[in-house]
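Chain naming follows the written order as A, B, C, D and E, and within any one chain the residues start at number 1.
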Amino acid sequence: MSAVDLVWLIPALPLAAFFVNGLFGRRWLRHATGPIAAAAVGGAALLAILVFLEVHGGREHTTVRLYEWIGVGDFHVDVAALVDPLSAAMLIVVTVVSFLVHVYSIGYMEHDHGFHRFFTWLPLFVFAMLILVLGDNYLLLFVGWEGVGLCSYLLIGFWFERPEPAGAAKKAFIMNRIGDWGFMIGMITTFLVFGSMNFEDVFDRLASNAPAQGVLTLICFAFFLGATGKSAQLPLYSWLPDAMEGPTPVSALIHAATMVTAGVYLVARSTPLFALAGPVLPTVAIVGAVTAIFAATIALVQFDIKRVMAYSTVSQLGYMFLALGVGAPVAAMFHLITHAFFKALLFLGSGSVIHGAGNEQDMRKMGGLKAKMPVTYWTMLIAGGALSALPPLAGFWSKDEIVGAAFLHGYPVLWVVGVFTGGLTAFYVTRAMWLTFHGQPRDQHLFDHAHESPRIMTVPLLVLAAGSVLAGFIGFPPDHGFLHAFLEPAVTTGHEVVAEGGTNWGEFLALAAVSVAASIAGITLGLSMYARHRPDPAAVSRASGPFYRVLVNKYYVDELYDRRFVDFGKAASGVAWAFDIHIIDGLVNRLGWGFRMAGGGLRRAQTGLVGNYAFTVVAGLLAVLVVYAGYAVGILHR
Amino acid sequence: MSPFGLDHVLTLLIVIPLAGLVPLLFFIRDDRAVKQVAIVTTFAELILSIVMLSQFHIGEAGYQLHEKVPWIPGLGVSYELGVDGLSVLLVPMTTLLTFISVLYSSGGAIKTRVGEFMAAFLLLEVGMVGVFLALDLFLFYVFFELMLVPMYLIIGIWGGTRRVYATLKFVLFTLAGSLLMLVAIIAVYLASGDPGSRTLSLPELIAGRARFSADFQFWVFLAFGLAFAIKMPMVPFHTWLPDAHVEAPTAGSIVLAGVLLKAGGYGFLRFALPLFPFGTQAWLPVLILLSVVAILYGAVVSVVQKDLKKLVAYSSVAHMGFVTLGIFVLNAQGAVGAVLQMVNHGFVTGALFLFVGIQYEKTHRRQIADLGGLANRWPLYTTFFGVFVLASLGLPGLSGFVGEFLVLLGTFKFNPATGPGGLFWGPLAAIGVILAAVYLLWMFQRVMFGTVREAYRSLPDLSPLEVACAVPLLLLTVLLGIFPQAAIAYIEPSLARIIALATDASFVVLK
Amino acid sequence: MTVPLGAFIAVSAALFFIGAAGVLMRRNAVVILMCVELMLNAANLALVAFSRRSGSIDQRGSVFVVFVFVIAAAEVAVGLAIVLSAYRNRPSVDVDGARAMKG
Amino acid sequence: MITDVGAVLPEIAVTITALLILLSDAVLERSQARRWLPLLAVAGLVAAIFSGPFTTNGGSYFSGFVIVDTFATFFRVLFCVLAILAVLVAPDYLERRRIPAGEYYATVLFSTVGAMAIALSADLISLFVGIELMTIPVYVLAAMQRRDRYSNEAGLKYFLLGAFSSAILLYGFSWLYGIAGTTAYAGIADVVARDGLTGVTAVAIALVTVGLSFKAAVIPFHQWTPDAYDGAPTPATAFMSVAPKAAAFAAILRVFFGALGPLEFDWSVLLAVLAAVTMTGGNVVALAQTNVKRMLAYSSIAHTGYILAAVAAYKVGGSAGAAVLFYVFAYGIMNLGAFACLAYLDLGGTRGATLEELDGFSRRHPGGALAFAVFLISLTGIPPTVGFIAKVFIIGPVLDRGFVWLAVTIALNAVLAAFYYLRVVVHVYMYDPATGAPRILPAPLLSVGLGVAAVATVVLGIVPDGLYRWALQAAGPFVVR
Amino acid sequence: MYDFIEPVIFGLLSIGIIAAAGCVVLLRRITAQALLMAFTFFCMAGMFLLLGAETIAAFQVLIYVGAITVLILFGVMFTKQDERAYALFFQRQTPWAGAVVAAIALPVIILAFSFPDGVPLAPGGDLIPLATSLFGDFAFPFEVASVLLLAALVGAIVLVKRDDDEEPTGPAGEALP
């Protein structure tokens, strides 16, 4: 019995923690729930590492079947895990980051009265995410997909007493559901076309007997719609910034490192399908690129530290889709992994700042915190560097590979967008770091009470920082690193666009130079504006008037959605209800009323006068006589 | 001989509530004793239904535990009972929901005329169980109508302020449909053979269904369909439902939503489809359209509901739309999905009404705007209610999903000779899944989240009795979501047979 | 020359409809009662005429008339009793006054 | 002659009972009479039921004036049962209203003898005499509460219109005699089979149609019904709403299918139209009523329509006839019961109760309310009651005859009817009694009578087969061959 | 030789019957109406004689002219007749009623002539057969009729007998109008 055969233990451990904490947390366990959950997830992480090693050791494709979940007619879906390099890699990322976030949260949530609740939902999330990653078919993936959505809902709305988290939670779930609609269509159509939802079966049959391209295009567009919902791409991204209403560790784990990358995972998983789906991949690339630059521009002007990170996440997810779209799924996965580390770190660092600064999130009230919280500062600096794609930090390798792939695979415009967005990224990172940690304290009271977070929170930061530095080297040398060798079997399409042979260093260096130059330009501009006020940020914002307002208001997308869709939906519902009451029900009631009116009318024939009654009888006699006479003379049929 | 020595389990299932009825009607006046009798009776019924489940042979498509005794030979009517995969789960669902309703009602929800209430409930149980067991059209009709009067009284006596309007509406709607069905049943009897060899026994009718001409099937299906469509209810025959639910006492709502609505879908599958394949084909486009309309319309109307019960009621319309859709796409996935959806909807919506009722008992408010922040005070309540809300919106892993998913799968597979096919209807129906999230979560947010009102601050969380009522439903909701195959194994062979009967090629060519 | 059967029946029909018209036209309960008697008499005439002039199989018609006598007497007795009983409460024989119940 | 007398033993028994009652009433102390008269009447009626056969192959007696077949025995039993119920529900009411009890029972029994004679008749003469013996006592019953102007009015209207319709019927009979040369059904049947539908036959059967339709209260010959039922003392209403109607249908079957059956002429369409008009009209007007007694009166018109629908399907054969008989039986029990339930309530006047006065009846008298509900549900046609089964038996032949539209009309009418019947249940069960609602006086015999009727309503709804087979046998003579 | 007598008598009797009956319908003085009704009955007896049914004619005189007319005259005496305008003696529906009745009556009267003549029975001597058949063949309707008379008697008595101890009336007592 090897670790792969025991792969179900990985999700089982967090699930157990969920049950234990859920059943006994409120009454008995209370603060013991945190360690329990962390231990369970830690155990899962260890197992995941074992699994990874085994997969790396050559056991590249294993299905571990538990039981038949649904089987009706020709439709059969098992609860079965697919252990291959892709899922093994995801397992590591998910469990390790989750474990660190769990540990961190023990400190972060310590004084919250919903502590036990938090550590009930968090392992449930890990469980769902692991199902998503492990499922060997689209339906099981969908189960995890919805499960993480649920946990996201629960955790965004963790502080449900305030209206904003409750609303944000609902918004997240519903927007995700719009994407899920696409997922379901894609999933069911896949079954109709291939007769199975199993990844393996689908890809086998695709290879042996490819269906019409139109169908594939439909399926992939549908899946991609699902992915845009979950991974916060245009146009379904706007829930993610709002999701920052949740506790910061949640933002780190769910809305940066793991759940939001599920869309990337889905598309990467379905690479064989997408590769044959004609116009879908370019669409993915364009959506990814546009989302990247769109979100980055918004991030430029935000003052809430978590919102900056949120838009940054949207932007980075855009990069990943760009990678998928230009035919570099490994690069996408690579960036997914590195991003998991540095973005989780950025969020946890922000959390540490918020925690230390008395739950203040507005960067305008911070400043100079570097002195008060050095560990946080230095770790976040590393993460910021990684995000800005400064070599040799992790982000550099992965992002550069994406941008390079865009150029090399024939998307020069997208390459320009990618590079430019890199510059923007470096700028807003610099801006955020400076406003938070450097300069003069802008709120003395806040500054005085600020303090470094406890060890239980800082240690995870350090571990993540190490990851942010080192994770890039799994992809070294570029295009031919360990990760590429490991993942390529899983995401090979047969139409592989990855270059053969060794790394083309010249090409790499040339492209990297452009990227790094853009980053450095961004950093320089940022430093110049915020450290030296040259030009002064306020002046810039005044000068760029309308543009600035548009960015501050996030392109008015929320307003648009609210007015156009939500208001319209409510109005339509109101109309439908009025229709229900007045037309459908009204008709019924009017029918009853009509009968009673008819009865009232006929009543008047009952005059109470004997003479009238006798008259009716005689009139009836006349009528009967006429009818019988009709029969007698043969006018009426006998 | 069965292992339990119960040769007539099905008859016993009908007799037990009747036996409980006798002391309630004639001997016992004390409220406590009344409640005890009712609880014991319904519990015995529940146990017996589980015994029945244990005697059922999984994998067989035909009727099991079959019983048949002539009843009114003059009308070819016999007392014929049997279960197959279609009904075998609906019966325990019924007995469980009845037990829970009685249990909950005995906890103080019903304060006046307890004896009459319990008597009505036991009579109702006879009707409900009988509907799912009867294999004779006439007997089915009798049970179908037998459900009517007790529910009429339950809503009318123990209901809310507009109870009379609601209960009359409920009865008149139902009667309008069912009386036409009665005419159709008699027409079927007359068409079933030459005088002397006529019958109303379902197995015999199915065997001899070649006698039903296409024209005949067209009209008779219409009559059956109307009755079932009203009972379901399908749009546009649904307007009795919100009123009835809003006014009904909690136990009445649970059973109304949980069981009575299922009689419609059950009737379609049990009688209309296998007996009238041509009628089915002829009406198929209309029914598919109405189903999808119900899914979307029910959901859209639910969004703006101000009354909690009305919202759940309209959501039932949408959920029942999935049931009819699954039935009329005429494939195994759709049909199995429809039955699962019926069972799940029974548990989930029953539970939702239970919780709305519990909440109403405590706060005396049902307007969503009057509530809010209840999650602060009632963690237990919130957890239970939340799970049921999630199950209702079709979250995978809970029971609601499997049925809806199978129905959608079946819908996508739907491939008619003419008219729009599955790729048109499927995505439309799937929008209903989004909308379910919209109205349910918005409701949940407004009711449970936010700050709690001063008036509700001291209200207690769930009592042990209420937990006891909810736990079985919760367990079933979760288990049926995780191990749906356990239920599907019961259901599938019979449904496959029904679908085969309904799509029998020899009937389709009649067009 | 004998009078044809048809003439008798025609006279009886005429009498019947005159009586019927009286029932429909008059408001006095006693007069209506008289008119009903006229109608019964019309039937009597027809019965006797048929019995004696149409070559009937049997002569039950004549005997029928005797029963009609009895019935007519009984009807008048009960009818007058009802009229008088009502008259005690409401001293009028105008039937149009009796319309406490209608609709 | 002795066999002749033996054949009509039940009729004799009822007559003798009536005479005994009159005698005892004169002899006994009032308190004694109050106790014994109803029991005497019931005993006599029970004796009457068991003094005759329930089924028989049919025999002709009294020179062909009387035919004792199963049809006759069926109705005999039915009329006796109805009379028993009418006696049982009356005593408390009579006592309360100071209505002379002995005369009341005797009058009911006389009317019963008349109704039985109708069923036995094999000849227009005995039919007509029977009709008169049935109706004249009912006029008396309607007017029996002398000091009540509604009762006066009911009696007066019923009498004037009844006498008028009797005259019409008699004139029709006289023409039939003229056409056939005989008053015996068999002779008439021979002649009309030979001559077919001539002009004079058309006139004769038109007159007979109107006369009998009036007795059965077919629209448009129904207008006497609401006023007469409404104003009559409630137990009398209960009796007169069922027995004369059942007798009218017995007469219709005897005359139209016994005597005029061979006529080469399809009544069905005309009857079907009349049936549809009657049931719909009765129900629609009943919807608009607020007085329950009057509402029940209109509803009884609607029930005439249902029965007529089965008559219209006569060509189907035995099942149609059986449907008529079964429905008449069912209707008799449930409708009598429903009217009698009002006897608990109408404390002032004879006009029963308004809907509001029924509020909370279930609290004030649970047993009576339950019985009332059972009758109303049965009248609506909801299982498991005899009213439901009866409707099923009607719809069967109607469909078989091909009148799908009529079957659908019946079904939709049942919905209309459900509206007003169940509205009564609403008031009985779902509203609280008004403050100051009068106490309901104990009425033990009424309760017994209603209990018996209610149990019969339910039991016959669950095991209808015996009654149906009996009805099928009784309808035998009218099966169209 | 007296052939013409029968039609003449028939004509006179017919005119008497119809004219008197018409007067019953149309007059306003109730005593005159009652007497004219008696006259109609009397003429009817003549008709019966003409038809050769002597016994029936005798019964007609005895029962109708004797008993029934007297009863009705008593009824007239016991009730007060209103004095009012002539038109108010009639229903408002009178014209319509006349039209409908006429519409039925005319074709029916014309049809009446289509009854074929059979062999007329010899006049007279109908007492004995009538009596024997009444008590022989007609025993059953005869007995029923006798019960009917008894019932009518009881009914009439119960409706008109003077109240002594039993009227009014407990809760049932309705206010008199």
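Assume a contact is a pair of C-beta atoms (placed from the backbone, for glycine too) under 8 Å apart; a residue touches a chain by one contact, two chains touch by 3 or more.
Because the structure is predicted, anything quoted here is derived from the model rather than measured.
Separation of subunit B from subunit C in touch steps, taking the shortest path, is 2.
Listed by label, the chains that touch subunit A and also subunit D are B, C, E. Relative to the whole-protein C-alpha centroid, the nearest chain centroid is that of B.
Across the assembly, the mean Cα position most removed from that of subunit B is the one of E. Taking the mean Cα position of each chain as its centre, E sits at the greatest distance from subunit A. Centres computed as Cα averages put subunit C at a distance of 5 Å from subunit E. Centre-to-centre separation of subunit C and subunit D, using mean CA positions: 26 Å. With each centre defined as the average position of its C-alpha atoms, the distance from subunit A to subunit E rounds to 101 Å. The mean-CA centres of subunit A and subunit C are about 96 angstrom from one another, to the nearest whole unit.
Residue positions 172 of subunit B are each in touch with at least two other chains.
Each of the following residues of subunit A touches two or more other chains: 592, 603, 606, 608-612, 614-615, 618-619, 621, 625, 629. Along subunit D, residues 123, 125, 129, 132, 136, 139-140, 143, 146-150, 155-157, 160, 164, 168, 178, 181, 199, 203, 226-227, 288, 419 each make contact with two or more other chains.
Chain pairs that touch one another: A-B, A-C, A-D, A-E, B-D, C-D, C-E, D-E.
Residues of subunit A that touch subunit E in their complex: 609, 611-612, 615, 618-619, 621-622, 625, 629. Subunit D makes touch with subunit A in their complex at residues 156-157, 160-161, 164-165, 168, 197-199, 201-203, 205-207, 209-210, 213-214, 220-221, 223-224, 226-227, 264-266, 270, 281, 284-289, 416, 419.
Of all residues in subunit C, those touching subunit E in their complex are 1-15, 17-22, 24-28, 30-31, 33-35, 37-38, 41, 44-45, 48-56, 59, 62-63, 65-67, 69-78, 80-85, 87, 89-94, 96. By the touch criterion stated above, subunit C contacts subunit A in their complex at residues 20, 23-27, 32, 95-96, 98-103.
Within the complex formed with subunit D, the subunit E residues making contact are 108, 111-112, 114-115, 118, 136-141, 144-145, 147-148, 150-152, 154-159, 163, 166-174, 176-177.
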